[in-house]
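Quick one: this structure, given as structure tokens, is what I'll be asking you about.
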């Protein structure tokens, strides 16, 4: 594929401020890997310095660069370079992986499975009874979907996923490999001698446009529902306990654990490796730093980090100060000796 | 299903102290989701306050509530409300998910697999040679069980589980989706140039009545056995290294990691996200707080937390005190200046 | 199998310094589990004390033991006891698990899959179009391999693994169960209202002789490649983000997370549960302690630990000092009172 820079600029409502409009663009790439013919983008000002050494032929950028540029590079000014880049990627014909439409002969569909048109179901898929699947949804090989589930339209379920009975998943979702949805929550009562299992009879409800990373686990509710709101993105190896409620458009990075019955608002961002206590509430638009331990509820719009998590600038001060405790011990010892001396002298 | 409150009270040896004995109970639910006709339970005193607003028709509770109650609610006093609730749930016909008895035509059983009666083996299951499976055990689709394994009676293995060769699993166990049992331990020797693999020729032995959460990994022993005692419950995404020994009736919450050759006693409780060092011993009845890092052996009956884990009340004092280090730095600086001044004045 | 101690010594270029050369060795075992007839090894001096109580018939050891020994035990001095032990294990006929050569009738191979000789492909395996697999590679049941992948020679892929399209894996690799390779990186742009997915069009390239533990996740690159160098060993439940580059002969312990675009050198050792920030560089031969949080780049040969990770001996001092903050608070308070008193007295 060969597209002139001017054409690309028009696709994304961009303005060429430097370089030849007729420069041919043949691919898209990252700054560091770009070769002649490639289009790149600059996410923000701090990456601008890398521009000087790129081999790319064109760059999408939010404002005129202030660094020296390679001789022939075409600069296209756009409002949001990253989103423009994604749009161009799609024009260049990038598409998500897929499998052939239809139901593979080895897929096993139990009684009363209801499928809409345009569905692709791969080999060795198992779908339980009464489950409904919306149109154009893709189910890769070796996926298990239990009884009485509902999966929306144009959702993609990658290989080796397990979706247990009664789960509801919306449309345009992407469920990556190894994900377990609707497995039992960790609920037991100790009767003085042994642990008695609390039957987990609730379910999981996932909204539209949700992405769930590989090997992430989302437990069903004890009663009622574990909920993931529309537009929320969850990374790999995340643990979501029973009865957790997560709002819309959240982003949760890898290896985070959210304990049972936590309630997370909309547009919450959680860094990697964080731990969220059970039965607490995280308000809308909260940002939680990576590796934080959130023990208590957090008010909306707050930025917190640390262990236990507190307001982020405070957390940074604490983290820095804690590095000086060894010296502090010594300084306090010195002070004690000096005071001792002063006191002795005064006697 | 419609059952009178008096009947329910009789099932669990309970006593109605308030409300109409003939009140009809039609379902079970949590306090917050309960509707008319539902039975709920109060685990302990601190949840009692929620009772005032419930729509439930009856409540199982350990002692007479002291809060104002909804007009018609029936109070049933029982010794352990949660266990009584579980018993009633079973009377109401709740049952774990299952699949049809028999061996699905697509299941592959290698030579000399020995199956007892009442077994259910789903589609696309693979069972290696010489493996024995006890009666009424259920194996969901896409499970792999290697050669020479022994699985007990009435155990349930959910989809996409991998059980490697020579593993022994007891009766009444529940193995959730994505679990890997008997995979190689992480054993390598650096020969000065590269890592030489130490063959992992041991196995995994799991007792009766064990539950293992989704995507948890239990490595085989280098030699001998990795052991999980009867009645132990393990949550999702837990890592259990080679040669770990875990006693009976432990509870291990999600995303915890237990390093190789650690020895954990009976009735140990480990909070989420904890890390247990290799080659240490945790005594019986120890409680380990969530996100603790346990570097050294812990005596029986201890409650520990923190990083490194120490006695819990001490750990709490440390955690709180550490929040004040920024101010401490400032206070010490002030003291230093004052001393300096005093010393100068004394000269 | 029965081998004389002298024969075993000859296999590994060892020297018998104690006991009967003709002692029959019938198996290999660990110190604690060894019975009569077993050979054991002592990794280093600190395990020597256990020798006094072993039931083993012979021991591989680097130098003459200084503890009292069981009466009849044969001592074989070798340069590296652990590596000698592995060599003897292989002589004793230990071999990795396998499946029959050939392609199982239920395996599904899409168009133009290229297989070399000696391959074993198990039941219910799916291999996408144009994928190439080298000779003697073993693919266990229920594995999914996408389109356009390349797998080297004598690599072993255990059950329920997912390898997404365009992935390259070298020779002599071991990929344990539940591993996900080439799943999408966690890349999204917030457009002010919702998260827009950044298509992940890169791939994963894994060198030779790499081992990857169960349920570990390795994301594909956004562009270009996520790379794992030859000889690197990765434990269970590890998260490796998009565009991460890991060098040769690294060892990465369980539940560690490495964020996107981190660059890890050769021979780096990372303890369990560590977190490595995105976009940083870890030099060759660095050692990172378990549960460390590495926020900034680390120079080659450094040993770091702690949160945030700093030079290891410093980190230990900080960790120890932090345990005394509660007392420090009290001491500072005492000092403040004394100073107050001195100041008052001086007026």
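Things worth noting here:
Letters A, B and C mark the chains in the order given here, with residues in each chain numbered from 1 onward.
Keep this in mind: a residue touches a chain if its C-beta (ideal position, glycine included) is under 8 Å from a C-beta of that chain, and two chains touch if they have at least 3 such contacts.
The shown structure was predicted, so the numbers you read here are calculated from the model rather than taken from an experiment.
Chains that touch both chain A and chain C: B.
In this structure chain A contacts its sequence twin chain B using mostly different residue numbers, the overlap staying below half.
With each centre defined as the average position of its C-alpha atoms, the distance from chain A to chain B rounds to 26 Å. Across the assembly, chain C contributes residues 106, 124, 142, 160, 178, 215, 237, 255, 322, 325, 328, 332, 335, 339, 342 that each touch 2 or more other chains.
The part of chain A that touches chain C in the complex is made up of residues 28-30, 32-33, 80, 82-83, 86, 89-90, 94, 96-97, 106, 122-124, 140-142, 158-160, 174, 176-178, 209, 211, 213-215, 231, 233, 235-237, 249, 251, 253-255, 272-273, 290-291, 319, 322-323, 325-326, 328-329, 332, 335-336, 339, 342-343, 346. Chain B meets chain C in the complex at residues 106, 108, 124, 126, 142, 144, 146-147, 160-162, 164-165, 178, 180, 183-184, 186, 188-191, 193-199, 201, 215, 217, 219, 222-224, 237, 239, 241, 243, 255, 257, 259, 275, 277, 293, 307-308, 310, 317-318, 320-322, 324-325, 328, 331-332, 335, 338-339, 342, 345.
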